[in-house]
Amino acid sequence: MENWLPLFVAVPLGMAFINLLLSKFIKRISPFLVLAAVVFQLWLALRFLGHAAFYYSMGNWTPPLGITLVWDPLSQLLALIVSVISLAVTLFAIPYMQQYTAQSKFYSLYLLMIAGMNGVVLTGDMFNLFVFLEIASIASYALVAFGVEAEELEASFKYLVLGGVSSTIILLAIALLYAATGTLNMADMAAALRHGISHGLLFFIFALFLMGFGLKSAMVPFHAWLPDAHPSAPAPISAMLSGLIIKALGIYALIRVFFIILGIVPIVKTIMMTLGGLSMVIGVFLAVGQWDFKRLLAYHSISQMGYVMVGIGLATPLGILGGLFHLLNHAVFKSLLFLCSGAFEYTTGTRQLKQLGGLIRKMPWTGGSCSIAALSISGVPPFNGFWSKLIIIVALFQAKFYFLGAVTVFVSFMTLISFIKVQKYSLFGNLPERLQGIKEAPVFMVAGVVILAVMCVGLGVLYPFYGPAILESARNLILEPGQYLQFAMP
Amino acid sequence: MQGMSFIVKTVTRLLIGVIFLFGIYITFYGHLTPGGGFAGGIMLACGFILLTLAFGKETSLGKLSDFWASMLDNLGAFTFWLVALLGYTGGYFFINFIEKKNPFGLLSSGTILINNIAIGVKVFASVFAVFLALTIFGRFVSGLAESEEED
Amino acid sequence: MKKIFDFIIMLLIWVALTWSLSLPDLIAGGLVSLLGVLLFSNLLPPEFTRILDPRRLFWAIIYLPVFFWQVIKSNFDVAYRVFHPEMPIRPGIVRVKTSLQSEVAKTFLANSITLTPGTLTIDCIENNLYVHWINIISEDPEIETELIVKKFEWFLKRIFD
Amino acid sequence: MVVFVILLLLCAFFCLYRVGAGPTPPDRTVAIDILGILMVGFCAILSLYTGKDLYMNVAIAWALLSFIGTTALAKYLEGRTFDE
Amino acid sequence: MNLLTFIYLPAAAGLLCLIIPRKIKYAQEAIAILAASLFLFLSFRAFSLPDETLRIPWFSIPPLDFSLDFRLVHFSKFLLIFLGLFTLLTALYSTGYFRKKSISQLYFPFVLWTLCGASGIVLANNFFVLLLGWEFVTLLLFFLIAMGQGKAASMAAGKTFAMLGFTDVALLLAVVALPLIYGSWKISELHIVLNTPFAIVIFLLMFIAAIAKAGAIPFHSWIPPAAQSGPLPVIAFLPASLDKLLGIYLLALITLNVFSIPIGSSISILIMVIGALTIIVAVLIAVVQHDLKRLLSYHAISQVGYMVLGIGTGNPIGIAGGLFHMLNHAIYKSSLFFSAGAVERQTGTTDVDKLGGLGKYMPVTFLACLVASLSISGVPPFNGFVSKWMIYQGLVEGRSWIYMVFLAVAMFGSALTLASFLKLLYGPFMGERFRSESASKSAAPRGIKEVHWTMLVPMVILSLLCIGFGLFAQYPINQYIGPILDIKFGSVLHSINIGTAFWNPTIATILLIFGLIIGAVFYFLSRRRTRSTETIFIGGEKFVVDRERSLAGNFYEFLERMGVIGGFLKESNKGILDIYNLSGDFGLIFVGVLKKLHDGVLSTYLAWCVIGLGVLSFVLMVL
Amino acid sequence: MSSTVVILISVGLFFNFAGCIGLIRFPDIYNRLQASTKCVTLGTILILAALVFHFGWNSISIKAILCIAFILMTAPTAAHAISRGSHRAGFPLWDRSITDKYRDDTRQKSI
Amino acid sequence: MLIYFLNSILFVLGLYCLIAKKHLVKKIIGMVIMEYAINLFIVLLGYKGGGIPPILLPEMSKATFVQQSVDPLPQALVLTSIVIGLGVLALMVAISLRLYEKYKTFDMSEIRRLRG
């Protein structure tokens, strides 16, 4: 059983190559391969669900020599998110991508991206983290430019340059860590760091990682690429980028490195919260000014990741829980929103809110799901977004950050405003003349959308059934990073 | 005139075989000497680059069309993956499941040889592709330079 | 015929590189050489098979010391000009004629000229070699040809043509 | 032995001077080409010193790469792109 | 009987409505009406039952305990009855109103779920549950208003959701703060003294939520657009009745149970100021309206002022008056909206100037409207008179100059109310009927007839309630209102025997009559004016139109002469008063600046990153 | 290490050195090519030859021989390519050069 | 220590080139310079004075190998990161080609349709 851990990475990776090989000879095989890979991945994630934390050494070299994969509550959380979301997105993508040429390339890049994310989430080796991070990033760069329109290329290039810089910075930080500890195995490194490291160096490494992962997770002021990149990709990829990439590559890596390897320090917490607060406010204000549906959503991603960052940076039990919870929720409702925007674009051919309207009558399923997602991102009970925001706010008050708490509440109100606008202009009101003929999206797209919509409701209400097992266990690991040394090393 | 002067062409004719052999040699013996798949792949790619320089694109693409280049690319990656997966026959992912023959021989390293070949193929294919892309890019740049000179 | 020749040459180079005669190495070499032949035999120059002719081989072997002697001479010549305080040079590009036919022959000629005293082949168009001469003695093409080309042409004709 | 290496490095520095000083692109190209050949010699001396043939591999590789590089630059000098 | 029945029943009925196929005619309507009447019946039965509490443990993330606490106390029982009643009437009315019209499949489910949410609120015994219900009702209101026709409806819905959402967020803040500061958010466990800043902040936040739901100044501006473009039954259902009940319920809850506010303290003064402002401002705006629905909506706002004022007095009679006024207002205001709806459905317009002489053709509607108008204007013997009288009494008992100011404001308010309702009555119903050419196409075609009985029945019932609660006021006061106050200071209540005090020619009675007279004077003054201009014109219909215009005009001139108020009134018509627009403008400026910064130049973004990195390393390594 | 080897290497290095000086001293690209190509080629070849002498008949020396052949082929070719390229690119000869037949002829062709 | 300093100079040079230069190609070059500065840094980390290459040769004992040979890891890392860099470079080139086709300019400061 534990033997199967590498398949999280191996299967999507292999499928990517197989797909490229076969699709040259067999037309239309790509969707099936991808679906197979994603379903298998979900099945695997469910098999591993609740499994005790353990490490798996590739090729049976005992760590710290070999490369290890580690399954622990934190990886479990992310692995679950990735597999579930990517399943929904894949379902959506199958009909949606029909309109593009070179589909096989798309699916291979898509699988590479998934493999990269799984690798980042599971690896127990610092350099390996970087490698998988780069795999996922490069795939996403390429996917952003997939439509080869002017704007998409521009966005992709900016994303590429900024992302490249951040990767370089991360690599530098890893190199410094290696120089300081003489190992790349995370657990080994953590142990070595416990014994002490030059104060200045440690803080420099912190700064580098903050910039690197901060850019990957689009914290202000490293956010500028996101509002260009995320809308430019095809809708399924936008969903993946906003729903998963910024989390797996940004927040998760940050948590893993800061809390479990380096050991968090107060000033870094403060900085994280500051960045998070800035992102929340600036992101939401920019979002309010948007009329392009996807661009609006992208800006909201910035502000929502701000919530997560604030929660995590608070580093109180409640705060971290709220952060992780919001991470999960945002993954769900933001990918859902992007998928809905894709569905609207698919049927109406535009994503300008001013040219839409009354869609809920013509597309009840997609429209309804969109409405649910909008409500849950705006933190309206009983949808999932409400709970995580509530927890974060309470955590802030509990820690006596009254001002930041008020800001958080205010931002969630601004989010509400902005999504009222979205619903007003897209779902309700009059159906424009030229849209009279439109129909509900294809069944697979609807399926993908509805899965996520159901989760939006379920995640909030059913917390007692999954919360302790998935979220609180991860929280506990973050709070006692010492555990990691027990199970991640012989 | 397609390519470069006949002197360069002739010399290339004479060298190409050696370069080819050398690249493969480096690839095969990567587990005994430095280099391995990556260096070897680059060597091979350089051979094709030399062909392209001396004879022009048609010749080198005649040897290896871009379609097959991409196929090789994927094939290399796929092989590597397959070897890693076959590790399960030895009980562990990525384990070296082929028993090692006489030390310091060609087959002394089990799967590493295969991995080297896979990497070599992949690197060769992708470097060659990158080179072609770069030459097109170069044409663009020079074209731009001319246009700038004009105005 | 030519393919077999190329194959053997390649196998030899392979053995030279691996420097072992163990079976796996030889098998690998065989396969690789085969692949090489299939890929490149149309590029490998046909003239080489002629080397198998013993007379040509003989002249080739004779040619080597002559050539090396020229090379060493040229080096001392350059060294003299380099270290001489006021650099005794009167450079210029001259045109000389060759009667060689095959490209391989012309290539070897050009390279030989480049490596020998005071001359550097810039280009070869039909039968004209354009040579940069570091110290032009006379402007007369005949003399130039005599001085620069003849000493190698004689051998190369016998080797390749 | 050390003397040899130092001498080689001296030559290398002359070449580097030419690379830096130019004045024309061909000058730099020549210098780079020569540098390549010098490095081959350097590798030879290394393998003489260590008695390992891997340095010879490096030497061959280096000679090859520098030849290709020079060819490319020469072709570029003519103002042509690499693939025509 | 399990008190959760009041939540299950409407929820289940709504679900049934949702899934039942559209083919079956009137199926949804039938289900809704049956469910509502069953609800009403059960609530009557519950009224006689003893109090009970119920706790459903869910999950808890310390310090938050997300288990669901409910309680059935007198206040909830009393409210449940009227929630049921108004839902029933609305369902009935909607049956007629949407006859041969298309209405969303979701309309009846949402109405029923609104009832579900509302009963959740009144049954909640912990503020978390209350919050859930609160936001749920807001949400449904958003969707219900959005069911109206056209962009305007969705805009109105958006504005509503934005403003109520904002105040819900305020409530959220307060609710979240409770367990952190006072260790619990169980309503029955909370008895907070307003002496710490925290307590005051929490109170104010909750207060904001309450008055926004009820629609008091300055959170009123969502009601008029909603009333104008939302589906009319919805307006009669929520902003006119249910939201008042809920808002004032929360206000009463926090002022009477949760917090103890010393009488005459600054907080109570603040409450009363808000009440007084609401009364006067809203009514001033109301009198210059020409659209029936807008006019009604502004009156709906101004009446809230009386309730707030009454509760603000802090003395039993005032509070009782406030609560009673809440009840009365819900009754007559929904009746008024119903009749407005009837007029709109028959004539296709609600513009006062275009309507006339409908009284002959729609007698029942006219009578209902008459009764409701009189009782909203506080004319004896209708219910409005009683509650206003009690509020005045409460103010009088305040015995300090500031109370007298409030008193004057309240009187002036009711005077203007009367005046504007006289105009309303005369305009559409009396007066002479238009010739079709002089009227707009849709207005008053020939052969107008009374509306369908399903629409009449609710109006009739409500009118009867108006009269009944006026003549036999002691019944509702002693049955419904009294026991609520009993919780806190029953002894005080019995000391003033309302039952006998009813017809006492106390000062309050005189004041009320006086107010009415002033109102009448206003009205007749303006009439005489227009008579004088009447000679110029020939033809009655012009006469009607002109009179209405001149009435409004006169008031306008009259008020403009009053300097400050005049200017303020102009502004308020431009919508400057609307905090929604204000904050919107400020926000957009900030947005503009931010968008300028993102100039799309890669180097800029890179520079941000590098500077960011520099600052980070500086902060981390130097500080 | 035998004296032959030392001598070979020393001579080789001497030529290398000469070549590099030439690279520095000579006035134009063509003369520099003359100097450097010849000398450095021979110098390196001599060093490689030294290897052959030192190791006798083994993997290293065989590679050295390969390398020699290699350099003999490539160095002059490279020189030719560079000179041709630079001449075609129009980089002038040294102003005290005697003649330039190549330019004359190529120009005639181009006309 | 000096070499590390030079290395960082190289890095900063690349960064400067990336930010200050408008021409798209120059930006790419700056990027590449940065990457190589980092790779060089890693190599320097792995380098041991007088160390022998990390290949286990027949005539050498394990022990001496371990304590003499330079750290093999950095080379592996650098190789990997070079490959990655190659991938990024190829992608950049491909994208910038298309960018030029669309925008008819290599001036990155004119390629700014996406803003706000």
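Here the chain labels run A, B, C, D, E, F and G in written order, and each chain numbers its own residues starting at 1.
The criterion applied here is as follows: contacts are C-beta pairs under 8 Å (C-beta built on N, C-alpha and C of every residue); 3 or more make two chains touch, one makes a residue touch a chain.
From a predicted model like this one, the values you see are computed outputs, not experimental measurements.
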Given chain C and chain F, the chains that contact each of them: B
Could you quickly compare B-F and A-B and let me know which has more C-beta contacts? A-B
Taking each chain's centre as the mean position of its Cα atoms, how many Å separate chain C from chain E? 104
Taking each chain's centre as the mean of its CA atoms, how far is chain C from chain G in angstrom? 40
Once you find the CA centre of chain D and the CA centre of chain F, what distance in Å lies between them? 11
Need the CA-centroid distance for the pair chain D / chain E, whole Å please. 89
Where in chain C do residues touch two or more other chains at once? 13, 17, 19, 107, 110-111, 121, 123
Listed in rising order, chain E residues that touch 2 or more other chains are 595, 598, 600, 602, 606
Counting only residues that touch at least two other chains, what does the list for chain A look like? 157-158, 161, 165, 227-228, 286, 289
Can you tell me which positions in chain B touch chain F when the two form their complex? 4-5, 7-8, 11, 14-15, 18
Inside the complex, what are the residues of chain G that reach chain B? 25, 53, 55, 58, 79, 83, 86-87, 89-90, 93-94, 96-97, 100, 106
If we count contacts the way the header does, which residues on chain E are in touch with chain G in the complex? 595-596, 598-603, 606-607, 610
Chain F touches which residues of chain C in the complex? 13, 16-17, 19, 71-72, 74-75, 78-79, 81-83, 87, 89-95, 107, 110-112, 114-115, 118-123, 125, 128, 130, 132, 134, 136, 139
Which of the residues in chain D come into contact with chain F in the complex? 4, 7-8, 10-11, 14-15, 17-18, 24-27, 29-31, 33-34, 37-38, 40-41, 44-45, 47-48, 51-53, 56-57, 59-60, 63-64, 67, 70-71, 73-79
